[in-house]
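Some structures to go through are shown next.
Look at the two complexes coming up: subunit A is in both, with subunit B in one and subunit C in the other.
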Partner chain A sequence: MPDTLLFALEASLNGLTAGVMYALVALGFVLIFKASGIFNFAQGVLALFAALTLVGFQSGQIPFSHLINATLGTRLHHFGWNMPTVLAIPATVLVMIGLAILVERFILKHLINQEPIILFMATIGLAYFLEGFGDIMWGAEVKALDVGLPKGMSMAVDDATFNWFGYGFYIDRLEIWAAGIAAVLVAVLTVFSQYTKQGRALRAVADDHQAALSVGISLRFIWVLTWSIAGIVALVAGIMWGSKSGVQFSLSLIALKALPVLILGGFTSIPGAIVGGLIIGVGEKLFDFFMNPIIGGATENWFAYMLALVFLLFRPQGLFGERIIERV
Partner chain B sequence: MKMTRLAATLAATMVVAGPTLADTLHFPSLSYRTGPFAAGGIPFADGYSDYLTLINERDGGIGGVPIRQTECETAYNTERGVECYQSIRNDNPLVIQPLSTGITYQLIPRTMEDGIPMHTMGYGRTSAVNGEVFNWTFNYPANYWDGASVIINYLLDENDGSLEGKKIALLYHNSAYGREPIPTLERLAERHGYEFLSIGVDSPGQEQGSQWLQIRRERPDYVVMWGWGVMNPTAIQEAANIRFPMENFIGVWWSGSQQDVRPVGDGAHGYKALAMHGTGMDYPIYEDMQRYVIDAGKYAGTGDEVGTVLYSRGMYAAMLAVEAAKKAQEIHGVAAITPAMMRDGMANLEITEELMVELGLPNFGPAFSVACENHGGSGAAMIQQWDAQAGEWNLITDWIDPDRELIMEMAMDDSIAYAAENNISPACLN
Partner chain C sequence: MLYREAGDFKTSYVADSQTFPIKFDRYGYYVLLGFAFLVMPLIINDYWANSIVVPFLIYAIAALGLNILIGYCGQLSLGTGGFMAVGAYASYKMMTAFPELNIIFVIIIAGMVTACVGVLFGLPSLRIKGFYLAVATLAAQFFLIWLFTRTAWFYNYSPTGMISAPTREVFGVPVTGPRASAVSMYMICLCFLVASAWLARNLTRGSMGRKWMAIRDMDIAAEIIGVNPLIAKLTAFAVSSFLVGISGALLFAVYLGAAEAGEAFGIDKSFLVLFMVIIGGLGSIFGAFAGAAFLIVGPVLLKLLLVNSLGWPTDLAAHLEIMIVGALIIVFLIVEPHGIAALWRTIKEKLRLWPFPY
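Moving on to the complex of A and B:
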């Protein structure tokens, strides 16, 4: 096989795994948009906050220690023990559920029946608040995140492709795990929304708030449920991205990677988020591979948006999104 | 009504208690403690502030005049940086330290017009070394082109004086900052015969899959990195993933802090970076810092960044600012100096090893002197290597000089072009 084809194949495989990482972030957006019609600007910050909280628990960091020290003149930083990952993850999930309750209680409850743009603006405010709150609670230094996921080159893939093609492909084991975790996540979310009472209620609210309310479904409960699930998905995204490059405040910018994925896959489709992620991932890697020698590198950010723009021209609702026809 | 009264009382208190222009020396800090690059901005701001606090607490200020510190948050955003400058430009700021190449480019013409000196230590516009064009901008003790040249000189040493046939890749942050070393590395490639390859990474740099696949395909002998923020640990992690020999991976001084290597764990062992100053707490100054600042609870931030690479850099920047202020006082014979006098102090600054010893910072920075023809100091830097097991940076070389002849030649071309574009007649101010 010619070298160029081999390299392109390797780039495509890496694009698929990178696409799954993007899709993990996009999933959180889809969940909230489906259930409440809100484009949650704070989803990236939710991932950051979840990852910060997880590392904080793992390392036994005292929350708000900087604030306590500045106020009381103490030098407290750590409890002196580390929490095992198997306990730290459930504890973080509880924090994310608590956060969902607070978001509903202090923001969403007061904005029922408001225009989507108002709710969107509220999530922008939430993003800024959470970023600052996370800083005060856990500090702004870069933190290493290790939940035991393997990292580095997959020797199995390297050996297998070397035997087949005479050239070993590089794939990061972390991204292979991310693909597996994303598959499990999508399966669980699908089963939940199709076969459980709460899942059906969630879909009913997504279809029509008023009708759902009229049959006794609690809108407030559904919003807490949705934001809790989005928080858990954010935790998964935070773990995967945090394991890759440490937990730091730029983690919130991974949301920028999710936007073109959403435009491509549609804002209301869970499979759309996955397929959109894969298309963006493969597209940007192949574009970089073929165009780099001609136009130089650093194409990944803008190419994803260009691709999304092209899709918008032909299919504004995305690949799997619902086509909405409004009569005027 | 109560609120109005409270606000009035507070305002009155601030007017009464606040220091006035005449009896303080204003050292503003354009810092970034928030946003995606906060992890790098916080230790620098802490180091800068702590040193100035030390001078106030221990020495009672500079020449008997207390230092007044102000801090403005830029979030490493150019527009906010310019807004910060606008908010302090009339408050007698003695020196502006923008801490961002993007902000520097915006402030060069403004500071020139306002007559306020600017210090861009190890960043900013390299050709500002030409003081005849950039009268108010200083970039001592080293700039990006120095850094690129020092790395090549180090690699020449490692390869018995020849890089013929070698391939060197530059992995750069796709910004004004990241693109700065490209012309130097291209010129040096012509001179030393190595093959040069530049690979850009879009900001912030969390996803570098394509770049490292390219590095894996191209198999460069060395990778040089010009990164910042999350780009650095991501690149080091990717290098570890593809098993690139870490000792052949060298970052600029903005890619060589604890924040860059710690998230990678053992995989970062052996990674190298430029050091424009010493690091760690093995310097006598820390005895005073502990006594007057840390133990007294007067430290900036959380107090847990003391001695780290970026804290040391902030402290070094403050030390150079204080020494320039002393020089200005000496030249003009007044203690309450103005920004214009401060510029004179910076333009005549002389840092010797004897002075560094006296300040409690032996061999912490290079000896250099500033002149109109050279606002950039010596350009020397050292190479440090990360020991993941010990969790510390170790200096593995002494000061390495850059190819200053070439750099000054390139800087002259660039600065003269800038002068022509902006109708500046090159001339020394003093």
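Moving on to the complex of A and C:
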């Protein structure tokens, strides 16, 4: 096989695994959008916050130590013990659930019946708030996250491809794991929403708030539930991105990358989020691969948005979205 | 007792539809204008100009522009930073390519260039709306910044990739470059702001503004009663981008002096201006001023309080600032979705009836 084709194949494989990561963030968006009609801009910051909290628990950091030191003049920083990952993850899940309750209590409850655009801007505010809050709570420096997932080049893929094509592909083992975890997550979420009582309630709320209320579904509980699930999905995404490139502010920027993913896949479709993520992942890697010699690098910064823009012009509801019908 | 229309008789339609129908308001406005043009230049110093006044004037222009797009025409845009970069780079190219051209015209032409780019990126708004449009404008933001950092022609092949403003004069007084004084920087920004506010006010209360508002309130209904959505949306994008471009050109040429696209005009600028518009009040000229003042003065005060008085480290103060801004957005959206402008309106209404409760 010619080298260019092999390289392109490797680039697209890498794109697939990157796409899985985008899809993980996009999943959280879709969940909240389906259940409450809110376009949750804070999803990326939620992932950052979850990852920060996890690292903080793992390394036994004292929350707000920076703030306490500045006001009281003490020199606190760590409790002096390390929490095992098995404990730290459930603890972080609890924090995310607590956050979901607070968000419902202090923001969503007051914004019932507002226009979607107002809710969207409120989540932008929430994103800023959480960003500052996370930094104050855990400190802003880049942290390494290690939950015991394997890292580094996958020798199996390297060997197998070397035997087939005479050229070993480089694929991170972490990304293979991420793909597996994403698949499990999607399966669990699908089963949850199709076969459990709460899942059905969730879909009922997504369909019609009033009708759901009238058959005795608690809207507020469902919202807490959705935001908790979104928080847990954010934690998974945070673990994956955090193990890959460290827990840092840029983590919250992947939320922006998830927007074009959603547009491609449709805002209301879980499979759409996955397919959209894969298309964007492969698309931007291949575009960069072929266009790099012609127009220069770093096209990943905008390719996804441009693709979404062009796509929107032809199919505004996305690949799997429900058809948009407008009436006066 | 002062603040009421009693005894202030209007004898013509023109007099009745003026911007400040109440005498007290009108005189207050004249006093404010007089203070801004005559007194401020005498008392302004470098610290005040650089940390508060000039950024306020510049961001108020950007907020006016974005308010026309979001507040009046209902088209959500997250590409403000990118459009400001267009204004900055257009003014840089004009300044270096035509050194003898007056800086005033340079800035206006930069605004026009931005208007063209804005119309180009506004075209998708004819087919998509709401969040979808927000993503489309994000494309503008990231693509434009990428273009300006990658294409050497835009920064005249300078090795650092930065653009820096050469010295240009208005009536023999340098307003850009290192020799510009605080007063001259202040005056040029003030003139542009007053002109922009005048333009925005008169456009939004004319037929064009009414068309924008019809599109904002319900685009399909507006189309049925004969508003052409193509023209209404694209003019909103053009006027908005024109003002944003002017503000970008001023930010670069007058205030910063040197800039690099990714750093000076990143996505955080888009959000900053968006927050100004939300906090100030969507669909209000006064709101743009109030929002810009709030978000420029607030952080400075907070920093003074925390860093200088309490001795906190700067990074902690910065994080707290982000947190407070985020919380404020939420509070404003819950308590007063129409922003500071609506609060101001309530106060005025109360003042008008004072001392009676209603």
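Criterion: the second predicted complex is superposed on the first by the 328 of 328 C-alpha atoms of A that agree within 3 Å, B and C clash if a C-alpha of one lies under 4 Å from a C-alpha of the other, contacts with A are read in each partner's own complex, and residues count from 1 in each chain.
One rule holds in what follows: contacts are C-beta pairs under 8 Å (C-beta built on N, C-alpha and C of every residue); 3 or more make two chains touch, one makes a residue touch a chain.
Since this is a predicted model, take the numbers as computed values, not measurements.
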Fit-or-clash call for subunit B and subunit C when the two complexes are aligned on subunit A: clash
Touched partner set for A:H66, first subunit B, second subunit C, both or neither: both
Which superposed partner A:A308 touches (first subunit B, second subunit C, both, neither): second
First, second, both or neither for A:I112, with subunit B first and subunit C second: neither
First, second, both or neither for A:A211, with subunit B first and subunit C second: neither
Which of subunit B and subunit C A:G125 touches, first, second, both or neither: second
Which superposed partner A:M291 touches (first subunit B, second subunit C, both, neither): neither
Which of subunit B and subunit C A:D135 touches, first, second, both or neither: both
Subunit B versus subunit C as contact partner of A:A187, first or second or both or neither: neither
Partner chain(s) touched by A:D172 [first = subunit B, second = subunit C, both, neither]: first
Offending stretch of subunit C which, after superposing on A, collides with subunit B (from 74-82, 254-262 or 326-334): 254-262
Overlap of subunit C and subunit B interfaces on subunit A (superposed complexes): 66, 70, 131-132, 135, 140, 296, 298-299, 301-302
Sites on subunit A touched by subunit C in the complex: 39, 66-67, 70-71, 106-107, 110-111, 114, 116-118, 120-122, 124-133, 135-136, 140, 256, 259-260, 263, 267, 295-296, 298-299, 301-302, 305-306, 308-309, 312-313, 316, 326-328
Footprint of subunit A on subunit C - complex, ascending: 76, 124, 127-128, 130-132, 134-136, 138-139, 142-143, 145-146, 150, 218, 220-221, 224, 267, 271, 274, 278, 310-313, 315-316, 319-330, 333-334, 337
Partner subunit B, residues of subunit A touching it in the complex: 7, 10-11, 14-15, 18, 21, 66, 69-70, 73, 75, 77, 131-132, 135, 139-146, 151-153, 170, 172, 241, 244-254, 257, 284-285, 288-289, 292, 296-302
Residues on subunit B engaged by subunit A in the complex (per definition of touch): 33-39, 42, 174, 198-204, 206-207, 209-214, 216-217, 229-230, 233-234, 237, 240-243, 259, 262-265, 267, 297, 302-305
